[in-house]
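The first chain written gets the first letter, and so on, giving A, B, C and D; residue counts start at 1 in each chain.
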Amino acid sequence: MNNNFVKGSWQEILDWAQNKSINMLHYCTGCGAIELPPTMTSRYDMSRFGIGPAATPRQADMLLVTGYLSTKTLRRLIYTYEQMQAPKFVVGFGSCTINGGMYWDSYNTIKQLDKYLPVEIYIAGCMPRPEAILDGLLKLKKMINNGEADGYKRYEENLEFYHQNQEAVLGEVQRTQ
Amino acid sequence: MRNEKELLELINVHLDPPAAEIKRKQNVSVSIKQENLIQALSFLKSHSYQHLSTISCVDWLDEGEFELVYHLFSYDDYINISLKTRIKREPGVFQTAKEIWPVAEFYERDIHEFFGVEFKGNDNLEEMILENWQHLPPMRKDFDTRKFVNDNYEWRDYNGQKHTD
Amino acid sequence: MIDIIYRIGHFILITLFTTALGLLFMGIARKIVARIQKRYGPPFYQPYLDVLKLFGKDAITHGFIFDFGAVMALGGVIATLFFIPLGSWQLYSMEGTVLLIIYFLAVASLGMAMGTVGSGNPQASVGISRALTQMLGYELPYLVILFSLIYRYQTSSVWGLMQAQSGSFLNWNLFAYPLMALVAFVVLIGMMGKKPFDAMIAPAEIGSGPVVESGGKYLGMLLLQKSITIIIELALYVNLFLGGADNIFSFSFKMLIVWILATMFGSLFPRFRIEDGVKFFWKWPLGIAILQALYIII
Amino acid sequence: MDKSTQTEIFFGPNHPGVPGNYGINYNFEGDTVTAAEANAGHLHRGFEKLMEERIWIKNTALVPRICVEEPDINEMVYAMGFEAIGEIEVPRRADYIRSIILELARIQGHIFSIGGNAAGIGQYTIMNWGTLTRDYILDIFEEITGARVYHIYIRPGGVRQDIEAETFAKILDLMNELENERFPDLEKTLFENPNAQKRWQGKAVITKEEAIEMGATGPVLRANGVPHDLRKMMPYAAYDDVEFEVPTGDNGDAWDRIKIARDDMLQSIKIIRQLINKIPDGPVQTDLGNGLKYRIPKGDAYVKIESKRGEYGYYMVSDGSLKPYRVHVRGASTPLGLYGVREYLPGTRIADVPVWAKSLGICPPEFDR
């Protein structure tokens, strides 16, 4: 009991630290990436919320999927996601990640990101304005603080479901750490 | 510095095109028999048409032909030539223009990927844009992208409402 | 016995203090850079949160050498702390000479080099080879400066060099030998790996260099190592050129001034390519340092 | 060459130094690139196919997404192609407004790419300032068109709506601010910075012959002293009514290209001032009837305009139906991004690879499409 309490509190502290310090992986998967520089730099400056860029997957906590995903990118994205260290969060950015958006009838883009990777939160819009991005990220922070952002756990639990969907689109996917 | 008319004259004299016309100001369109095309390209290149903008391919399904369009531009004349030729859709084989413009290698690779046209003499025709593509080349008119999407991807379900055009 | 416990306690205290101070400096630097870039910037305590978060994350190891490299890097700088006087607060610094500190700092770099070898990432290897090349660049002028100082004051201990400047602030080497202090400042920027001498971590070129494969606690350890390193390097500069200090607070204040100057200087310059950086070190700083050394000797 | 001494590196698609979702696989030996191959196609959405599936007016919403760095160029080329096939006259006022929009887009693109170039060599201060400056232009766009990035404003037959006189005043104010405050800041911190010069001078050289041979245009060609600019060579919109110079360089290196970007912005400001002073009154679009039933006769046209990175062309074919029969996009950086990487990247130092990729203005979506 007492032990659980300590464990729980420690987890809460870690969640709190995580919500205050999020490193976003610098991977421009789609055209939404053009609204990220304004969000990161002087005008909107997301670093005041403790969100900063990270250069490599190993150092990142958050994978921002900025827009449509061609199947070729999806493969790299899955490798990237599997390289990241838990806790890790996926944010779907733009309408294209939700339902294909503008490219609903394109033969080369996926239509629902959450079938392939566990998405914590979607930011709608084509493309979302910086204010919307900040709003979405603040919501994500709140979710992390409350311990609700558990995508990486869902990924582990439903590994088969995700792998099945991934392989349905991509064929063989290498599984490495 | 030629104008459009002088250019047409030059082309008519040397290249024997079936059709040549002035489309707009500074834009000329020339049809060439496929066996003359490579020679026409090198002729025009030696007459200051040094800039190859791109190579376009059009799939004329009903006529059973592919149309290849070479867009050339001259920095002396400021005229754009669209050099067109038609090849049979089956088997869809043509000569490479790689010897004249090395960069054509990549335009041809692109056309090969999206239309399935073979270019003889260009050995670098592997997949460049797509990955593990098993179906018809996607830009062909008989490839139906909506059917493909319906077969391969699932739509998000909005309370039973389907996505419509 | 009590003496040993006292020493160990003292040592732990110093380690904790310098780590905290280094992280604070990093936070302040981020704030200053943000303000120069017309941003609001992260809170000054952001690095603490980063470290806490990193130690709470999962981490992947790339084998024993990788682990050992990270520990060696951190251990190397902590060992250096023994020998550096922080104001009046010092442990073995009476005995420590300047050369020993320089030697110990290299251990940290070698530790990182081992870690990168363990990770096997080519970008990390490029990064560490750049870091070691850069070390070659800045250590030469730095050694010339140190030897001329040692010659001038006839002592190689940091404590001794610091004591030699006591009295009026006009005795500080900053005012006695301004050119030398300037050279040492440029070298300091190179040692701390701030722009324009940050070719070894250049994100646009090689990911983030040596740390490209480190995540979670490994990155956290390297962050701590970084924070202690900047304090050691700043402390060395303050001791050698700003006359040290009587107590830890004024000492920290002097370090902060130097740190802010270095940060502001760095945020205005694009990074050197590594060969340009080394050439630069061997041209201007080395030339000026040799001239100054000749002046002192003659 | 001996393979055992070489290491292969995947520079991108997931790497902070690449311009967008695009990869370069290169081998290096020591610190020098020995062989390189473009790894493109990560942004392929099948645009050309999708455009064949949609009616003419719906495609106006699709085209700007082809190159996110300068969407307005795409709208303009598409509209021009439509008008060329259909032989549609555009009101003069619409031409002027189009030119103003295109020049504003050029400034925002250039300042963004200068920021990106500076970030490539570690000068993040300039990247922050540049992005901030670009945002002021996006504000103007928002006022005119209602959107920040994708405006869908230039459409076949003219532009979507007129610009108010107050907005023109705002544009002029902004131009003054750019010229008197923002650009001098840039000048001092970036262009007079010896270190930036060192990073860019003599790096990523593409000579005039190489550029013409592979079909690279714009700043890449102009950096070799050739003032080729489609705004002068084949004037479109209202460019025949304004006076401006085409900035050139001498050495064909990254430094020249970045200076051309700066000078181009100054010229754009000059053009915008002239256009706003001279703009005629009148309607801003030709009546083309019901938007859902646009039809143009059978025909084809290759239209091209000068984007900030060179020639941007569309080959459009109509078969007289409601939808385009074929649209082929020629992006400005296509030859550089595919062919140039393989031919001209080897021999570069690793440290200069981002300088190479960014200063040549490679924009992957336009060749992935």
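Here is the rule we go by: a residue touches a chain if its C-beta (ideal position, glycine included) is under 8 Å from a C-beta of that chain, and two chains touch if they have at least 3 such contacts.
From a predicted model like this one, the values you see are computed outputs, not experimental measurements.
Trainee: Going by CA means, which chain is nearest the middle of everything shown?
Mentor: D
Trainee: So which one's got more C-beta contacts, A-D or A-B?
Mentor: Result of the comparison of A-D and A-B: A-D.
Trainee: Please tell me the distance, in whole Å, between the geometric centres of subunit A and subunit D computed from their C-alpha atoms.
Mentor: Distance between chain centres: 30 Å.
Trainee: Please work out the Cα centroid separation of subunit A and subunit B, and write it as a whole number of Å.
Mentor: Using C-alpha averages as centres, the distance is 40 Å.
Trainee: Please report how many Å separate the Cα centroid of subunit B from that of subunit C, as a whole number.
Mentor: Taking the average C-alpha coordinate of subunit B and of subunit C, the gap between them is 60 Å.
Trainee: How big is the gap, in whole Å, between where the Cα atoms of subunit C centre and where those of subunit D centre?
Mentor: 44
Trainee: Quick check: what residues of subunit A touch more than one other chain, meaning two or more?
Mentor: Touching at least two other chains: 26, 41-42, 55, 57, 72, 105-108.
Trainee: Could you say which residues in subunit C touch two or more other chains, in rising order?
Mentor: Correct list: 37-39, 203, 207.
Trainee: Residues of subunit B touching 2+ other chains?
Mentor: 130-131, 138, 143, 145-146
Trainee: So which chains actually touch one another? I want all the pairs, not just one.
Mentor: Chain-chain contacts present: A-B, A-C, A-D, B-D, C-D.
Trainee: Subunit B touches which residues of subunit A in the complex?
Mentor: 71-72, 75, 98-100, 104-108, 110-112, 115, 169-171
Trainee: Contact residues on subunit C for subunit A in the complex?
Mentor: Within the complex, subunit C touches subunit A at residues 30, 34, 37-43, 46, 49-50, 52-53, 56-60, 203, 207-208, 211-216, 219.
Trainee: Touching residues of subunit A toward subunit C in the complex: what are they?
Mentor: Spelled out, the residues of subunit A in touch with subunit C are 13-14, 17-18, 20-21, 26, 41-42, 45, 47-48, 50, 52, 55-59, 61, 84-87, 177.
Trainee: Can you tell me which positions in subunit D touch subunit A when the two form their complex?
Mentor: 13-14, 16, 20-21, 41-46, 49-50, 53, 61-62, 65, 68-69, 112, 115, 127-129, 131-132, 134-135, 138, 148-150, 365, 368
Trainee: Could you pull out which subunit A residues touch subunit D in their complex?
Mentor: 25-31, 33-35, 37-38, 41-43, 53, 55, 57, 68, 70, 72-73, 76, 80, 102-103, 105-109, 126-127, 129
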